[in-house]
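You will see subunit A twice below: alongside subunit B first, and alongside subunit C after that.
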Partner chain A sequence: MSVTHDARVHARPATAQRPAVRGWPDINNPAAWIVAAILLIMPLIANGFFLIEIFATTLILGTIALSLMFLAGYGGMVSLMQLTIAGFCAYMVAVFGASGNANISLGWPWWLAVPMALTLATIFGTLGGALAVRTEGIYTIMITLAIGAAFYYFTNQNWAIFNGHTGINNVSTPHFWGVNWRSDIPFYYIVLAVAALCYFAVDYIARAPFGLALQGVRDNPRRMAALGFNVNAHRVAAYAVASFIAGLAGVLQVWNYRQISPGTVSVGACIDVLIIAIVGGIARPVGPYIGALVFVLLRTFALDFLVKIGLDGNRFRLLIGLGFLAIVFWSSDGVIGLWQRWRQSQRPRTDRPSGGPGHG
Partner chain B sequence: MDSVAQRLSVVGAGAALELRGVTRLFGALAALTDVTITVRPGERRAVLGSNGAGKTTLFNCITGDFPPSSGTIRFFGEDVTHFPPYERIRRGLRRTYQISALFPGLTVQDNVYLACRGVSRGRFSFLRPGQNDALMHATDSLVQAVHLSAVKDQRVAELAHGQQRQLEIALALAGAPRFVLFDEPAAGLSPTERAELVEILTSLPAHIGYIIIEHDMDVALRVVESVTMMHNGRIFKEGLPEEIQSDPEVQELYLGGGHE
Partner chain C sequence: MTRFVERHPAWALIVIIAIAVMLWLIFAVWPPGLEEAIGRKRVFLNALFNGITLGGLYFLVASGFTLIFGLMRNVNLAHGSLYLFGGYVGYAISASTGSWILSFIVAFILTALVGVLLQVLVFRRMEGQDLRQTMVTIGLSIVFADLMLWACGGDFYQIQTPSWLIGPIELPLLTAIKSSGEPVYLRYPLVRLVILLASVIIGVAMWLALNRTRIGMIIRAGVDDRDILAATGVRIQIVFVLVFALGAGLAGIAGVVGGTFQSLSPGEDIRFLLASLVVVIVGGMGSIPGAALGALIIGLAEQLGSVYIPTYAIVVTFLIMVLVLAVRPQGLLARR
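== the complex of A and B ==
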């Protein structure tokens, strides 16, 4: 462009600052390295219960919530069907793979059943997304919630494929190279690898043209169209990416519990994913994992805690609800928002702006 | 034979922008009535008129933000009446908005990068741009052209009004624009910033034509060669700047009423 060139503008080498901005901000963060190291050596620290019931479950739920964070944080689309897509993928793994319900399951090996399930889940989520992108705001929430509710009732009533309310049990898990990959330690590492892959993929895409454009669509869809972008196509593509991520988590989920039933895809569970994402914070991909950890810890220990202080243990959801209210009340950006504010108060010099650029 | 003649007539049509009988209704209200305008490639024209004259609606019809209720719009000979906005933009049409329409959550550089990416391939690319990415260079020179290099890593929400207006113009000049619609680019600018704006407009390459909506006559009449006067959704008068300025009817309607 030969518009005008102002002599007053000191021609700074344009690429000088880019690596720090465009690269991985986490690499310079010692806390990220510590967390990564702890996650890697977790099997040495934690017993089987903590490894699977707390950490693997956190990572699986966090990955489902990550798919919502991708849509909501970058695309401004709150989808309540992410758990439904994960559940659909879990069902497909059970249907195409081997399980105790031999009349339903086709008995394919896992390396065929899983790609098939992921493909179908991605198609399912993309079609749902294609419906949802015709609407905005609360109507997107309603449509995706309706899809989630419809799928829940459908699995309850359909016996031919979904085996009604009993679901599909004894789903077989992968065994190869002489390893039972569902035994605690190998499974933990599979879950960790998939979660890390999804986390870094989302973090990377956020700064790639597709992710930037998605954030542009979030901020101002009309202007995006006036810059040459097909806004709806971008939104549908975002649903496809999010569906694939949710599908991956669904595969892990069915391997984790070795069964899948309508209870897993209930409307309440769909909303739990929203709570996890909001509690953690949807501005950055790490938020959903923090939210999932808080959720899983509360779900697992709130009951004991309540009984200990003399209250009815069944009230543990009340504790989750109160925690949710407190976090949302004090920080619109969840736990990571609280943490960032604390960091800033610790460091009065505002030499470093909070958060990664463009992360919301 | 017939189709060849048709194609030749399209090629030789010569107009950058050709509106024929464009009408836009909002319910019973006609915001535009039977507007016919022809603008040559490279021509620079002002559209004047009081508030509610239909100037911004005219822009919205041309870009496809609101499709016209009837009439046809041709862009460099091609009938784009039923094209979605992004298809028109990809053909070299650009616009700015009266109220800045930017991406507040992104940095200045990312805003301009999106504008460059929107009119080139790889809009869906999952690969981050490398150090020597051609679009990154285009972005940098565009940021520099509108004097925003010093704030390129700042989020747009943190920019001053004048800087946002300059960014608004940068977004419209990305890629290879052939025709630009400027909707009150000087709104809210200081006298110095207005001078800079005039400089940017007059130094645009000669092949880039534009239509500018501008209430500030000092800006508008210095950067155009023809003027279209609108009133109540209709074309009221067309002519050279001096003709329009000295036209008694125009003065009574618009200039005489004191400009905002």
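== the complex of A and C ==
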């Protein structure tokens, strides 16, 4: 139980410093303000390719991984079906909205199709979660992986709704107030707004009574049950929240690529989300976004990089797998954990003479 | 068995009626009305036999998975990779030497060796950390899948069936009666029957080894309580290595079997990983009879489903899993 265990270690100092728990932890952190400013003015820095292919994709993948981080870090439930929920929502947007496959799509306007898709995705994820919470710990991985794989094979076989392995193409994207919201810069801001919303929502829920109870359920379900909390209800509710977040990311994903096919919800992609969350670090909401950035950068540039140093460019997945193994072996808290360990190893030399400004 | 009947008379009655209907469907000559309603008997019998033989293959894969899980609490998500590895090894051996039997032996030994290496080099270092072990198996499955793609490419391979097993045989099961009054019997590929027989023999041998031998007793004790077993002085690390080798070797054999009557390609590892997950969830984790029952149910559901409700076949499998989780979350034959 290393992953959830490490999230637990983190929760302890947070509860020790009461005032820091109440307020927004990021508000005193200059690094957070700098990152926020850079993200806001990103369209000035980056061109279309970097803006959409790197940063928007990172934010979308990071949001899906954020929903997994919420479940795993605060709820202790490692769910491999978060991408499946996002993909289901994307499919629903394509089915209810307008697309190139007129025989399948119902052609609703986006402001009707998106809430419908989000509702259905949340229901889907909650039902899956209700199944998964019937068992515990390690079994959750197996059941959610089975759900994800079943959905993948189902989309491949079913032609009436999911249009088989060709998927649904030319999904229409919103146009209103005279703006094409899928053109690069407006789309980037939509993605950024949704990602920020999800990030702060998770950050807030973690400190709200529900989130604290959920962390209690993670640490000691028996004791929480004895205290009168309904353990399974908390877990299912956590699945509902996570499904909604994953659904939001799914909507953005289908708008990004304008198409959805079974390849998007394949088992490999489900596992990629887990990799993103683990590599980034599963103890804090910012981890998944860091992991997603690393993953997207690797996915985009590993081919060129490998060819440049004289290796076979197709071995990108090998690189990802080995990197993931290394992270799991040496740092169970991902890149964030490595960073913190590095900081701690630096601290005795830098902080002690100046009296330690960190003890605010 | 009698206790089950006493406890759940209604369920027992339903099971008996279902078995009776099944037997009638298999042995009777179907009346014309039934043939009109659900198709010809030959199709049904073929689907049934395909389901049972597929169940045999699933059992080979899932029994190793469930054995490893039961003893070491290690959800080995790289099990599908071991299956595919065994299949590729079997293909290489059978293509170079032409011996089908030899390919089984070599595939078993090599995958068992991989299993030993995994246990000694990787899992032993993180004992008791289930989730971390699972993460490692995920990473390993990605690495293995890519290495195998590198070595073998994306082509489909099929292992050559030996000449003495090629061709169908006639089974003493009526499929229809011709208008001339001459009975028509079912013809079925011999190799599939041999494979089914082999997996039944392996299953029975495993059951005997687990229930009638000393090492089996140690393994069963380990499944129940690992720590106490270690405290009694059993050298548990050796037992772990042995079980991991056996489980991995079974996956390798299953790879050769799967390569003979289906085909080998990248992606098959995920398919068989999913199959063994569903089989052990349905049958009960850590239980060999459970794996057998689960494999039979899932194999039948998949084949009958793909004949009678083609686009929703996978949903049937999934619904069975949901039903089992809703009624008996620990699996049909788990003892817990």
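Simple rule for what comes next: the second predicted complex is superposed on the first by the 327 of 360 C-alpha atoms of A that agree within 3 Å, B and C clash if a C-alpha of one lies under 4 Å from a C-alpha of the other, contacts with A are read in each partner's own complex, and residues count from 1 in each chain.
Just so it is clear, a residue touches a chain if its C-beta (ideal position, glycine included) is under 8 Å from a C-beta of that chain, and two chains touch if they have at least 3 such contacts.
In this text, all values refer to a predicted model and were calculated from it rather than measured experimentally.
Undergrad: A:A225 contacts which: subunit B (first), subunit C (second), both, neither?
TA: A:A225 sits against subunit B, while subunit C stays out of touch.
Undergrad: May I ask you to decide whether A:Y204 touches subunit B, subunit C, both, or neither, giving the answer as first, second, both or neither?
TA: The first partner, subunit B, only.
Undergrad: Looking at the overlay, what does A:A237 touch: subunit B (first), subunit C (second), both, or neither?
TA: first
Undergrad: Does subunit B (first) or subunit C (second) touch A:I123, or do both, or does neither?
TA: After superposition on chain A, A:I123 lies in contact with neither partner.
Undergrad: Thinking of the overlay built on chain A, is A:Y139 touched by subunit B (first), by subunit C (second), by both, or by neither?
TA: second
Undergrad: Can you list the residues of subunit A that touch subunit B in one structure and subunit C in the other?
TA: 1-4
Undergrad: Could you pull out which subunit C residues touch subunit A in their complex?
TA: It is residues 73, 75, 77, 126, 129-132, 134-136, 138-140, 142-143, 145-147, 150, 270, 274, 277-278, 280-281, 285, 310-315, 317-318, 321-322, 325-326, 329-330 of subunit C that touch subunit A.
Undergrad: Which residues, counting only subunit A, touch subunit C once they are in their complex?
TA: Result: residues 1-4, 78, 131, 134-135, 137-139, 141-143, 145-147, 149-150, 153-154, 157-160, 267-268, 271, 274-275, 278, 312, 314-315, 317-318, 320-322, 324-325, 328-329, 332 of subunit A touch subunit C.
Undergrad: Which of the residues in subunit B come into contact with subunit A in the complex?
TA: Interface residues on subunit B, with respect to subunit A: 63, 65, 84-86, 89-90, 94-95, 97, 101-107, 110, 113-115, 117-119, 122-129, 131, 136-138, 140-142, 144-147, 149-150, 153, 155, 171, 173-175, 199-200, 203-205.
Undergrad: For a test of understanding, state which residues of subunit A touch subunit B in their complex under the given definition.
TA: Residue positions touching the partner: 1-6, 8-12, 14-15, 17-18, 21-22, 204-205, 207-210, 212-213, 215-216, 218-220, 222-231, 234, 237, 357-358, 360.
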